[in-house]
């Protein structure tokens, strides 16, 4: 990849990312997304060529993880470091926040020297994205009132609605695999539910995939067992904008002639709603009951495993298998899971490669929101 | 603010901060404090103008938090990062320190590449400041014996006696509010106890305020319900040096004609003494008993709330309300607290602004103790 | 120390560290070790002279601590910072690793921007070093398959077999003490077991010392009470290569005419084997039983304390006392321990000085594995 040419190309786009948060891909126009995608690829190439893209001298990148995480945590840490920011994690347990302090206050108190705040909050339906906006509003208030010198940008590291750093990484994997954004048009992608021995997995990945990939012209089929639907408003909105978008209740049907398959477990929307209420009321018995019920229900769909036979249904039997990882791999991480060992092993390096875009996507989101023309700054480094 | 002019002004002072710890404001002369205050304001302006004040290329800033903290933790992290130091937190639980290792040894073992050690230890009367001195002595010993190349400076991030990063930030807020240090002279400040539904809050903030603000010529009145006194030696010493300093047992009396009010809860000295003994002997029942007793006693003083009526007693009814945050706000963070929602909301942005000085105060303490002439180094950046 | 001369000297060596892990000193040839030793001393002098040796602009140093640690944790943090890398700790509890994810996958997922991975894993016999190799193989696989742009180097921060950052620091202490590597030849070192009121201490330090110091020509005597042997293969291999190496069952005998004594507790190999099985099967009762039995056995050897009387047996009564710290010091950290207060106090600064090499040894390991000619890069800084 010629870096100068790539940077020049970015300079021709007219994105609107500067000073903005990244909370949902649906709030970004295609130009914004293409800029961030292109910038991420460029930063990846900078790293490959051992060229620094450290545009900050100092400054904090704050992360707030309200759920466990390895890859997103390290992706954010890697991106912050490469951009030149120091990482500071807000550990809500270690801090004094239990005191009943407001989000408005905490957000300002930690942000005096912050450039960016990455948040992961995907436990409760209706909560994660709302919380991110509350933080964003709080620092906007601090900035407008002269308390903060700059308004740190908020980046969604996974919420109840979307997982944009994942879906953008997936988009770049697809672009790399098929050669261009243009080539994605008309390609068939099967986003399907898959069996897992655990329950309660968030809806953000499938929601993120169907909303984003349809906008890049892919023919997306969403498949799940009856009752395992996503947030209804999101399904509706994708349907409305994309006549080619289909929802089916059979993994096999979705796999038919697919160019790409993305088999991944999630909990039904209705279950997530109940779970949210039970978590809020700290009803341990209710949660245990729900889990039992759901696992029993899941068990009816053990055949929703991505195995070699099903892969044969795809385009020439050679569809690209994708997963956000970690996958529940039959006979590796569980007895029966989302994908057979054979299929996973065949595509293992592809899934690692897919993941490899994430730190650079996050770095691109940071730079695009903090610099008016990152491509100009980066050109100076060449 | 003209940065060059400000730096030149700093160059005219003759402070004695280089190579020194910052453990108590009372150990510093006025020139030292004015230098650090002026440097902190300058660094804040550097940040506002997006100019880096990273004077270190590498080096560690170590923090030891023996109590929970959000704002001081992030202030220290922010300051260290902006100065160019990497943050390393000594987590006494994760480490091997339980082995019975001496403070003398641990302090040296972690300090081979350290420039500064920030310590927060405010749980036990007679302990926190003593511990800081033990660490300081230990690294001095290591340095003198050739084990450490440099003696890292110790900075008090709150102890049983003082909270200098807070009081210095408060001082800068007051200077900003009234226009100059000169203008502080004769201004009336009411440092008063306030009701809180919790107990056991440390004495360091009121102690820090009365010792520091009197030295800048403010007329300070300390108010608390009978029995809620601070460390007697500190009250005595402030009294001795400041004929204008008063102690009263009425919030209203203190508020009368005040230019500034600082209503904040704390536990009585006698209670803190008992609590210290009980904590040391790990007497859980005793602690529960003490808490019950104290909360019952606190409850007699529910009317010690900073509300609109009391604010009317202040100078033109418009005194500046200050708080180190988080405040116990009635109907926001508790049912009945230190301050009414109305008053807090009116001054909310002022309290955030007050807090905004803290990271820069810490950065100034770091640079002033590690560089002979920070103002000269900074001038080179302009 | 003249830095240019020192760097020129390093340039004359032909080591093979570039792109390599550091897992065992026995896998390195003498030239490799001398280069890393010399580089560590040089970096120490850089720091002393306040010269930066930050060769990285950005990049991650990842640490994985599977056991508590203070000094190694801070040494690694210090080294990473000084080299210019950001530290990211993989906390296996906070992460999603419990999901049953493979080491192969996790290692790649965290390594996209990593330069080095430091691992401490010394709990189970047969595990720690094996785990390090598994991580190393995993990132090699990711690199070879184009997923990682670079293969991060793995550094052993203590395993079941060796503790190379400790033994290399010890080697540099000895070189400093005796003047040169040449002078180490023929010097008598007593690596002896010592009594401790705790049990289960790993074997890696004594194993690291006897394997490394014999290669530098020291006459090493290993002493322990009957039954307290190290891993038999390691003892055998040292014996085979060094006719002067002796194993005795008396501290006094080992101390006789020694130039250096290293009295330190460890658990017998047989006990570690049993303990490993019990830990693996999570057999709490079995572990408690084993501990009881071992402590009772240890108690028979309370006289294995390094005290003034025993020190009199050494060369002129003035052997150098060494310890990796923290030591179990009689009347300081325990009632009866590895060393008397008097002896420890006499050599306390020596033990601190010994420890002071460790961060620079780690920094040297990092730079030597990541740069083809660190001495050339460093020369540019002078």
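Here the chain labels run A, B and C in written order, and each chain numbers its own residues starting at 1.
Simple rule for what comes next: contacts are C-beta pairs under 8 Å (C-beta built on N, C-alpha and C of every residue); 3 or more make two chains touch, one makes a residue touch a chain.
Being a predicted model, the structure only gives us computed values, none of them experimental.
Asks: Same or different for subunit B and subunit C, where same means more than half of the interface numbers show up on both copies?
Replies: different
Asks: What angle of turn lays subunit A on top of subunit B when you fit their CA atoms, given in steps of 5 degrees?
Replies: 120
Asks: Report the inter-centroid distance (CA atoms only) between subunit B and subunit C in whole Å.
Replies: From the centre of subunit B to the centre of subunit C is 41 Å.
Asks: Please output the residue numbers of subunit C that touch at least 2 other chains, ranges allowed.
Replies: Touching at least two other chains: 86.
Asks: Subunit B touches which residues of subunit C in the complex?
Replies: Interface residues on the subunit C side: 47-48, 52, 54, 65, 68-71, 73-75, 77-82, 84, 86-87, 198, 325-326, 328, 332-334, 349, 352-353, 355-356, 358-359.
Asks: For a test of understanding, state which residues of subunit C touch subunit A in their complex under the given definition.
Replies: Residue list for subunit C touching subunit A: 57-60, 62, 86, 88, 90, 94-97, 99-102, 105-106, 108-110, 112-114, 142, 145-149.
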